[in-house]
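One chain, chain A, appears in both complexes that follow, with chain B as partner in the first and chain C in the second.
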Partner chain A sequence: MSLLDFARGPALEWSLLIMVFGIFWRLVGTFLFKGQVYLSKPKGTRFVAAGLRTIATRSWPDERLERTIRFQHYSGYLFHITLFIVIFLFEPHIEFFKWLLGFSWPGLPTNAVTFAAAVTVATLIALGIRRATNPIMKSITNADDWLSWLVTIGPVVTGMMAFAHQNIGIRYEDLLGIHILSVCLLFIWIPFGKLMHMFLLFPGRYQIGEKFEFRGVRA
Partner chain B sequence: MSMHQEMEQTFQMFMGMVGELGKLAQPTDMPDSERVARAKKVFLEKTTWDIATELEGCIHCGLCAEACHYRIGTGDAKYTPAKKFELMRTVYRRELSPMRWLYKLILPDITARDLEEWQELVYDSCTMCARCSMICPMGIHIAELVEYTREALAEAGLIPAEIRAMQQMQYETGTIFEVSADVMEFKVKELEETHGIEIPLNKAGAEVMVLTSGLDIMLYNDALVGTAKILNHAKVNWTIWVDSFECANFGLLSGHAATLKRQADRVIDAAVKHNAKVVVVSECGHAYPALRFYGAEGWGKPLPFEVMAPSEYISKLYEEGKLKLKKPQDRKTVTLHDPCKVGRHGGIFDGPREVLKAMGLELRETENNHMTNWCCGGGAAVFLIDRAAELRQRSFEIKFGEVKATRADALVVSCGSCRLNFERGKMNAGETLPVDSFAQIVGDNLAS
Partner chain C sequence: MASNMTLGESLRRRGVSRRGFLKFCAATASMMALPPGSVPALAAALEKARRPSVIWLSFQECTGCAESITRADAPTLEGLIFDYISLDYQHTLMAAAGDAAEAAREAAMHENAGKYLVIVDGSIPVKDDGIYSTIAGMTNLQILKDTAKDAAAIISLGSCAAFGGIPKANPNPTGAVAVSDIVKDKPIINVPGCPPIPVVITGVIAQYLAFGTLPELDVHGRPKAFFGQNIHDRCYRRPFYERGLFAETFDDEGAKAGWCLWKLGCKGPITYNACAVTKWNFGTSFPIQAGHGCIGCSEPDFWDKGGFYEPLAAGTYAPGAGLVSAAAVGVAVGVGSAVLARNSQKALHKEGA
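== the complex of A and B ==
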């Protein structure tokens, strides 16, 4: 079995299985705890609206808070948007999703996706340097942060290498195999580390919106 | 001696007494293993689905560091709010998380040394003001997690000595600063004579039960006098019950759950016994949430009366047209501080502003107000901790810088702890801006 066959065969299948089961396990294990019991009279009454509003407002913090976090905020947006383009709007990736899900959607020209990938890598490197050098970031960084960084930047870099295989001098099939294996690592790590924030983001924002609505406060 | 000089002298005496508090604390010694076991028990009991979501969610983005007055004031990364709930997160991950089988292998358990180290992080350098809770992109209510960490440390016998002395005193007697019912009654009579006002005690059938505090009796009795003037002016049927007058709750301030419940129950039982329809706490920031948002939970059923902060009740009286206000002679412009426990934790923002404007005052907002208001730096009993003096002052300077920039004639505050911290901070900084109580400035400017 070639590296590529292994990568897109058992490696991909098992990593997908681990990811799906792991995400399900972690979400169910988190949400099955009992809730807080409130006996005090709430000040606000529109809990669902408050939760939904906070999901939206945390994307655009109050200007007075925003001005101190501009770099983190905009680099975060830049990284997530370009990564989204790379994952979901690159034609070969759309083929993969068609195989997985049974349907497809239009993609972007390859040059546009390559540019997005370069921006993703550059932004991740900038954020990585910041995490390694900024005293605040250093004080709260753990192994999960670095592992999550590594398994995220890995597939983008290997994907770009596969795309530019003629210049590198390694066989396309081998580079593609390495790329798919790096994606498998990402799939496997998602349920274990902080990359789960993609699923916890909205419930987290929703619950704090509700909590502050109880106190009559717009969070 | 002028009233101002008298106040200064009382303030100095009071601060001298605060400085000696730590010596009064009873020891809470126990083996390290017991400390850890007790702290972990609290963390485990406090984990509900929303808390689990928060503990699972932190991505270590560091945004909370940019919202914290202690982190910014000192420039020290160790005060980053995300770090402050790390003990609870560790216990959660190892004991409850769906991935605990993995974390047990790779994450070391918490130790008694960790608990001791966290004392500074959750007591000295956090007022649970919740400004960081407003910025977290993952929706983590960091202040609530710090509150639980305080509770865990309290169970482990690690409340800082000054706060512990107050908590122990209140657990036993229900009062603080040794202000007993007799002392309160004596002081109230004295205030009635000095100010020519009536402060009704033990008035049967009173609908509104007003609470005061040892802090107000000892130091800020102008707030009590102001409240009395307003309630009498609005012809409110009110009283202070001698059997339960203390609104301060050092259970909430210290994290000592048994004291929180015991003190809140004292007030609730008295309010029920005396058929109060409304309980108005004094200008004591945390006293409001202690009764309003924790009272029923401890008591075990919904409260049969309303709980209101004085600024909230005064605003209600104004809205109902029961207050005739006039413009102060010595103030044209003021700025209003939103105390964390009344504002971000209680939703009281606009009412007091409307009252101040109705008095003909020009209200000058600090750059950060309402939801983004900076904490004074001394709330949540930080004002009592001797070793936290530098931390308090650095964070005070952030808020006071904005206050000074308004060029207002005075700063108006509706929280005794904030007021105390402003008074002390400005004294340290050589500033002279007057700091008014909200109840006092309204009470002094009622039109006949």
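== the complex of A and C ==
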């Protein structure tokens, strides 16, 4: 069995099974978990509106903090947008989703996706350097952050290497196998680390808004 | 039997001009990625080359490889080169049969010990002592070991001989293996393909005749000159891949416009062969040009690499049921976790109260 056969077969199968199992475990466990019980009377009444408002307000920087977090905020947006392009608008990736989900959508030309991938890698490196050097970021960073950074940048880099295999001098099928294996690592890590924010980010912000409404705080 | 006539003498007797011979040498050198300066050396060496004895063994095969090499609707110089070798044993082409055929093989082996070439097409069954394919009462396994013993080199012709091919495909009922799984002490050149490209084998034989050496091989034992680049990198449809223009079905507008066949399962990106360069039928066309994706027939285990019509981005298994089961187990464990957590919360509240 070649590296690519292993990657497209057992590795992909088991990593997807672990990811799906883990995501459902954490989502169901989290949503069914009974939160903090407040014994006082609620001070607000519009809980849904407050939850939705907090999702929106937390999605751009507070004007009082804008100057200090500008770089992190906008490079974060840039990274997520370009990563979205790479994952969901590259034709080979769309074919993967078609195989997995049974439906597909239009993609972008390869050159456009390659540019997006380069921006993704550059932004991730810049954010990584900031995380490693900024005292505040350093103090709130743990192994989970670095592992999540690594399994995210890994597939993008290996994917670009596979695309440029002629210049690198490594056989395409080997690089494609390594790329798929790096994606398998990402799949396995998604439910168990901070990458789970892709599912919990907005529910979390909603919940914060709801709780603040309960206490009569506008946020 | 191998004669003492040189190639130059043989070609002149057949009416091939010096100019025609040099053109063949130039084309062969070009195909084999030899420098232009090597053409005179190739011509001089081929001119003086002696007729080698070749024993062609056909095992678990469909005769497609022999068809590929021998079918020609016009005589070519490659054909003459091929005629030039002393083909002392080949089931399909030889006139002798039965004991006489086997005697010819044994005589060729005896008279040319250490110098003859062996061409093998077809895989070798080894399960149950190799009884699933026999010739003249001998298993393919016995014949191969016996014939390879005094060979100068072996050419595994076609994917079955090179890698086990279709007979080795899951579930491999005969225990089929490649030549290289059995013969370990002889130089082996794999010329895979289902079937292989005729010009590749004539190129390999021409190099052996001219220089007495075998070509540089890749990781799978294939001549780098022909198997050094993948089909995708040499495909004339590659620009459409870069632009994201793909045929979605075999008869849609994209297919009619000649767009890339990657989405239709083309295995060109992981297949190393010369199809896109030399093409087939005297350079007329090749599968992708004819509108069908490459099936990767020159790669090991090509039959078991997932569906021919599944793109490379797809896994090689059906994901549906497994993922639904994983989700169901995840939900069950999630519910269980939540129940345990709530019970802990209740207990804490009671303690607090």
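Note that in this section the second predicted complex is superposed on the first by the 217 of 219 C-alpha atoms of A that agree within 3 Å, B and C clash if a C-alpha of one lies under 4 Å from a C-alpha of the other, contacts with A are read in each partner's own complex, and residues count from 1 in each chain.
Here, contacts are C-beta pairs under 8 Å (C-beta built on N, C-alpha and C of every residue); 3 or more make two chains touch, one makes a residue touch a chain.
Please read all numbers here as calculations on a predicted model, not as lab measurements.
Superposition of the two complexes onto chain A shows chain B and chain C fitting side by side, with no clash. One of chain B and chain C touches more residues of chain A, and that partner is B.
Shared-chain residue A:208: touches chain B; no touch with chain C. In the superposed pair of complexes, A:29 makes contact with chain B and with chain C alike. Legend: residue contacts after superposition of the two complexes on their common chain; A:65 is shown touching chain B, with no touch to chain C.
Using the contact criterion defined above for the overlaid structures, shared-chain residue A:95 touches chain C, although it does not reach chain B.
Once the two complexes are overlaid on the shared chain, A:37 sits against chain B and chain C alike. In the superposition on chain A, contact of A:53 is made with neither chain B nor chain C. In the superposed pair of complexes, A:13 makes contact with chain C only, with no contact to chain B.
In the superposed model, A:140 makes contact with chain B only, not with chain C. Taking every C-alpha of chain B against every C-alpha of chain C after the fit on chain A, the minimum distance is 5 Å. Common to the chain B and chain C contact sets on chain A are residues 25-26, 28-34, 37.
Touching chain C in their complex are the following residues of chain A: 1-2, 4-5, 8-9, 12-13, 16-18, 20-34, 37, 91-93, 95-96, 98-100, 107-111, 166, 171-173, 176.
For chain B in complex with chain A, the residues that touch the partner chain are 47-54, 56-63, 65-67, 71, 77-78, 80, 82-83, 96-99, 102, 106, 133-141, 144, 292-297, 299-303, 343-348, 367-368, 371-372. Residues 25-26, 28-41, 43-44, 54, 58-59, 61-62, 64-65, 68-69, 72-73, 76, 134-143, 145, 191-192, 194, 196-197, 200-201, 203-209, 211, 214-219 of chain A are the ones touching chain B in the complex. The touching residues of chain C, counted against chain A in their complex, run 219, 230, 232-233, 241-244, 246, 262-263, 269-270, 300-301, 304-306, 310-317, 319, 322-323, 326-327, 329-331, 333-335, 337-339, 341-342, 345, 349.
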